[in-house]
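Next, two complexes with chain A in common: one pairs it with chain B, the other with chain C.
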Partner chain A sequence: MTGSALVSLLTLWMLPFFSAIVIWALGPQLRRAAGVLGSAAVLLSFVLACALFGVATAPGGLHVTPLIGWAPGFTFGLLLDPLSLVWVLIITGVGGLIHLYSIGYMAADKAVARFFAYLNFFVFAMLTLVLSDNLVGLLVGWGLVGVASYFLIGFWFYKPSAVAAALKAFVINVFGDVGLMYAIFVLYGATGSIAYADVFAKAASLPSGVILTACIALFIAAAAKSAQVPLQTWLPDAMEGPTPVSALIHAATMVTAGVYLIARFAPLWNASPQAQELVGTIGAVTALLAAILGTAQWDIKRILAYSTMSQIGYMIMGVGVGAYEAGVLHFFTHAFFKAQLFLGAGLVIHALHEEQDIRKMGGLRRRTPFAFVAMAIGTLAIIGVPGFSGFYSKDAVIYGTLEHGHPLLYAAAVVTAGITAYYMFRMLFVAFGGHYRGEVPEARLGMAQREPSEPVHAREGHVPDWVMQIPVGVLIVGSIGAGYLAIGGAQSPWWRFLSSLYGGAQATAPAPISELLSSLIVLAIVIAGVAVAYYRYGTRSATASAVERLRGEALRMPAVLTNAFYFDAAIELLFVRPARRLGALFAGFVDPAVIDAGVRDVVWLTGAAGYLFRALQTGLVRGYALTIVASAACFVAWFVLTGAAR
Partner chain B sequence: MIAAIVVVPIVAGLLCYLAPRRAEALVTSVAAAIAFASAAAVAVFRDAPDESVRWLVQPFTAAFHFGLGPGPGTWIALMLGLVAGCALAVTRVPRRRDFVAQMLVLLGAMMGVFLARDLLTFALFWDLQLVPVFLILVGWAPEGKSGSAWRYLVYNLSGGLALLLATAAYGMLVGTTDVLGSASAPAPAALQGAALWWVFAGLGFAFLIKTPVWPFHTWMPDTYADLPAPAAAVVSAVQSKGGLYGFIVIATVLLPGPMHAIAPLMFALGLIGLVYGACVALVLDDAKRVVAYSSLSHLGLILVAIFTFNPLALGGAIVYVVAHGLFSAGLFITLGEVELREETRFLSRLGGLGERNPKLAGALTIMVLAALGLPGLAGFAGEILILTGVYQAGYPAIAALSLVPIVLAAAYMVRVLQATMHGPEIPDLPQREDMTVLELAAFAPLVVAVLLLGIAPGAVARSANAIAASPAVATLSLRAARR
Partner chain C sequence: MTGFDASPYAALSAVMFFIGVGGVILRRNPLIMLMSIELMFNAANLALVAFSRAWVNNAGHVFVFLVVTVAAAEAAIALAIVVALFRRSTNVDVDEVARLRG
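What follows is the complex of A and B.
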């Protein structure tokens, strides 16, 4: 480790933090410069991360410790190894592009400086999360990204819906933090240290019960952050934030922290097959449920939110069954195409003056051709068409479940791929195909009557279109090409890059079918999904009668889907309401009628005290004060006199 | 010089009454300067030798013995100086000169509590600190609300009386009360049997009421709600820490036997308070009462930590005592600013202040985040050290149960933030200007302290090392671990 590498690491970590502070402090004076400053800080971090590539991939990575110590075993340091490097590159690289895009997207917002301060703070928090070399540092990053997400979901804090969504996201995320805290107790209790290196060194010798407990606690954290069932309900609501936030935090980076957590703690998961079974199953269930809900959404950002949840389900499934390279690869490719999809949706929303409902869109391939190209390529990538990045990563995950002996998960993953193809093409056909429906009244489209909301942006942005288009263009390159790193399976650059971490873990069971056959099966299912979407929304007769068809679909939508399988209602019934009832009972009955009444009785029962009490209650303040002072003086005098008398 | 930290504020407070009423702005500034100077003095003289004047020989020896040193008292005194300075700097109440005078007396009396190295001196300052709070409650509580003053006095004076009697008994039995100087003093042989238990009962009763521990807590919400915000800040931040400080520094070292024996009961009371306070904070509408009940919850956690006798948890307890002082003072001060601007502190009537008061919103946000235990800020450092220690001491179920209120804390603290600062602006509320530069400057030390303590609590945590390493505690934690 050289001194310059150390300085680079500290700089790339702290730069976004100081930039956030500067932007936050100078605030209104900065205006347009806030975006430039914020973007420059993140992109400079990206350059530094690239410069550290060689050091990070060397054996042992770049490990700086100790920076700070709290107590025995509580020592903090930084670690940059291949796994954290993947995340750092995406956080600063894709994050930097999203910063650039935001210069255009947020140009007309009067709180643009606050926006960039939050965004930079988020990048710092996320870097803390992935660069920490210990559990508590991880938790610090974990909590800070949660609060950054809270700020950004509630960025337009005068909107009650945004405030409610922010609260929900925050509380569920704290529930996850608490899971991570319990994992820290267990692992510190068992190993006497919070450092990864110490914990992993002793992982093999720990009792299996301890490992399973720690894994489950870690997974609660992962599920809350990565929106896995049953802690997923906050993510669709989080779309209340500005669209670049959805792209950066609620698609590309923060929500994949759970994937990082599991990939980082691979030594623990490898030692606990039950935990792997649990994680893989939850991932598959989430992927499937979210895909089903994706078919029932009208808001373009909620469609993408459910697709994010579903794709993270794939990643969790991958790292859960032990196919770490594949799971992390899917994170890597997903970051490109999902950011691109969200930013493309942002272009559409921008062009239509905050319209997000695809029923009010239609025919946009002509109105916003660039956004159409971006969304179309993103769709091809996410559904896994060969030649696009999603194909390589998703197939690797799907086949990985089979290689590690989970045929049921494999089936769920294949079915989900088909549904994904269906709902993504549904969105493309309804929003970009046919004719523009912006002038059609809400009622004819089966939409609820809406309050006319005040426009968040002025009608014209002051920034040329290319400010928003160039970042999207760069992401298009990534969402096509990122997967090529993995061509060649175990001999590919990707697998070799991560070999120092996962080289030992190999497939446990010979898969019953070859990888090629598996790919063909998935492809067939995907084509079937696209075909169904085309038949329902894409044919000439479907587009001709689009208004009536969409209205019919909206009115016939099953309640179980519009209520997202009633998870919200269940949480409300099981947790929120009992806690409030208990609070009302304590405040309204126990405190006044039990405790206070008891104390009063005790006071009155001591007869003399009671008498004295009444006699003293003369209501004269001076009298009370005099009494206290006099008693104190008497006491002191007695002590002094007896002391003086010896 | 150490004694001056105690004496100067009290004398200055009494001298305030000589100043003309018109000079109240000047008096306030001087008082804030004295408070900050007391914090600086604590920092400067932390390694200075103890100062002691013997004043009692019969029936037992006692001394006006003050000291700083590496123990927890130094950190709490430092926090007290900062909190009092900030609270005084933002004070804007009617009859300000008289209020400031009482606050200075309170500052000196509380310094006396935490710097005292003699049990009798400790007990005398313990009672002295009731006087200014009682007078402030009587003089400045909202119209027709003198009930809270009485309730405060009846509760705390009965605690104080018990403490005084127990101290006298201790002095008679042991022959001296000048015993708080070192943490490693072995328990004296003279204390045995019933006498030991009576002494402990007196001390424990006083500490339980002062903390307050459930179910002795009902004086607290009334007191905090009726005190003007600066006084509520100081009382909640520091005065209520006297009880926990007493348990850690006095009872654990002097009376380890009974401490160990009542640990199960204290676990139960601490856990009840922990959950009870959090649930109540979830539903109340009065912002100050929400903070009051959140204190009940947080202090319950510290109580649990103390009775594990685990070194990590004891260190965490000190960190959390200081952290809670900082953020509860910060919360009361910022909520006081809200009340000053909007003439109400009921959450259902507030909203949208952040739009026009970004600085106040920022200040409240930081304190709310510290209070709900955001990793990286002071509250979290205390929580994680405490709970890791509790788990390590062999109580995984208690550690797990203690996590529930952390989730509730996120809900009720964010509720306070959102109900005041976020959402649409409420049109019929009066609007005032944002925090001034001076107010921000006075508030800044609290923010810096919350950040520093969150990042590097090591020095504060280590202040409990001497206690954790004392022979009495070492055997206790060993016994606790074996159980």
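What follows is the complex of A and C.
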């Protein structure tokens, strides 16, 4: 390890933090400069991360330890190996692009400095999460990204729905934090260390029960952060935040922290087949359920939110069954095309003055052609059309489930791919095809009557379009090209890049069908999904009668879908309501009858004692003197009688 | 042993001490009470130096200085209290000054 590498690593880690503090402190004075400063800090971090590529891929990576010593056995260091490098590059690279985009998107917002301070703080927290070389540092980063997410979801704090969504996200994330903390206790208790290196070195010799417990606790954390069933309900609500936030935190980076967690703790998962089974199953269930829910959404950001959840389900499935390279690859490609989809949606929302309902869109391919191109390419990438990045990563994950002997997960993954194609093209056809429906009254589209609301952005400060278009353009390049790294399977640059971490992991079962056949099956299903979407929304007769059709679909939407499979209701019933009851019990009984009553009893006791003893306070000085003399006389008598004076 | 007989000094000290005690308990004038307290201090001092001489131990002498110092401090505070009392009311009977009765 060279000194300059150490300095670069520290700088790239702390730069967003200091930038956040500067923006926070100078705040209103900065105005437009806040965005430039914040973007520059993150992009500089990206440059430094690129410069460290060679050091990080060297054997052992770049390991700085101990950087800070907390207590004997508790030292904090930084670890930059290929796995954390992937995340660092995405966090700072895609994150930097989203920062740039935000300069345009948030230009009219009064609190733009606060926005960039939060965004920089998030980048710092996320870097802490992935760069930590130990469990406690991981937990710190884990908690900080949760806080940053809370700040940013509730960024428009004057909207009650945003505040509620922020709170929900935070509470569920803290539930996950508790899981992570419990895993740390278990692992520290079993190995006596919090450093990854020590824990993994002893992983093979731990009793399987301990590993399973730790894995399940870790997975609770991963599921809460990555919106996996049954802790997924916060993610769709988190779309209340500004669109760049959705792109950065709730699509590209933070929600993939669970994938990182499982990929990082691969030695533990490899030692526990039951835990792998659990994770793979949950991932598949999430991918499938979220895709089904994606077909029933009208809000363009909620469609993307469910698709994010579904794609993270793929990643979790991949890393869960042991196909780590494939899962991490899907994270890598997904970051590009999902950020691009969100930023494209942001362009649309921006152009339509905060309209997010696709029923009120239509015909946008002519109104916002650039956004249409971005959304179309993102859609082709996410559904896995050959030549686009999603094809390579998604196929690797889907085939990985088969290679590791999980035919059921394979089936779920293939079906999900078809549904994904359907709902993404549904969005594309409804929003961009046909004719513009913005002037059609809500009732005719089957929408609930809306309160005329204050526009969030006053349309004053105008920023040239290219500020928002250039980042999207760069992301388009990424979402087409990112998958080419993985052409050639196990001999591809991607597999060799991660081989130092997962080189030993081999396929456990010979796959019954070849990868080519698998790709063809997936492709056929995808084409079928697109065809259904085209038949329902894309044909000439469908676009001609779009208003009536959309209204009919909205009115006939099954309740199970509009209620998102009743997860919210179940959580309300099982946790929120009992918690409220418990609160009412404490407020109605425990507080007044136990705590207050106890305090009152102490007060009464003190008063009674005072009433008794105040008789001694006569105020007669000579009486006191007599008491002193009498007491002294008693002492003297006692000394004389017992002979203690001798 | 030096052959020094401390008993007359001890007897005088005891007499002075009980005169002081009687003065504090029986008199009502705060000034007289203060003087009685001083008397008790000095009785104690007398006993200290007498036994110190008898047992050839200088600790008693040293302790007398401490007592004198404390007595001076005590007198300053006590006289201040008496002056304050006298300002509030011209009454100098300590039994009448019983406002701190609980």
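The definition used in the following text is that the second predicted complex is superposed on the first by the 589 of 646 C-alpha atoms of A that agree within 3 Å, B and C clash if a C-alpha of one lies under 4 Å from a C-alpha of the other, contacts with A are read in each partner's own complex, and residues count from 1 in each chain.
Everything that follows uses one rule, which is that a contact is a pair of C-beta atoms (placed from the backbone, for glycine too) under 8 Å apart; a residue touches a chain by one contact, two chains touch by 3 or more.
None of the values given here were measured: they were computed from a predicted structure.
Enquirer: Does the superposition put A:D596 against chain B (first), chain C (second), both, or neither?
Expert: first
Enquirer: Which of the two partners, first being chain B and second being chain C, lies in contact with A:F74: first, second, both, or neither?
Expert: In the superposition, A:F74 touches chain B alone.
Enquirer: Of chain B and chain C, which one touches more of chain A's residues?
Expert: Partner touching more chain A residues in the overlay: B.
Enquirer: Could you say whether A:A559 touches chain B, chain C, both of them, or neither, answering first, second, both or neither?
Expert: neither
Enquirer: Contact-wise, after the overlay, does A:F175 reach chain B, chain C, both or neither (first, second, both, neither)?
Expert: A:F175 sits against chain B, while chain C stays out of touch.
Enquirer: Does any part of chain A touch chain B in one structure and chain C in the other, and if so which residues?
Expert: Shared contact residues on chain A: 621, 625, 629.
Enquirer: In the complex formed with chain B, which residues of chain A make contact?
Expert: 27, 68-72, 74, 136, 139-144, 147, 150, 154, 157-158, 160, 163, 166-167, 170-171, 174-175, 177-178, 181-182, 184-186, 188-189, 579-580, 582-584, 586-587, 590-591, 595-596, 598-599, 603, 621, 624-625, 628-629, 632, 635-636, 639-640, 642-643, 645-646
Enquirer: Mind pulling up the chain A residues that touch chain C in the complex?
Expert: 613-622, 625-626, 629
Enquirer: Residue numbers of chain C touching chain A in their complex, please.
Expert: Where chain C meets chain A, its residues are 21, 24-26, 28, 30, 33, 94-95, 97-102.
Enquirer: Could you list, by residue number, the parts of chain B that touch chain A in their complex?
Expert: 55-59, 62, 120, 124, 127-128, 130-131, 134-135, 138-139, 146, 149, 153-154, 157, 164, 215, 217-218, 276, 279-284, 293, 312, 315, 352, 354-355, 358, 369, 372, 374-376, 380-381, 383-385, 387-388, 390-392, 396, 399-400, 403, 406-408, 410-411, 414-415, 418, 421-425, 455-458, 461-462
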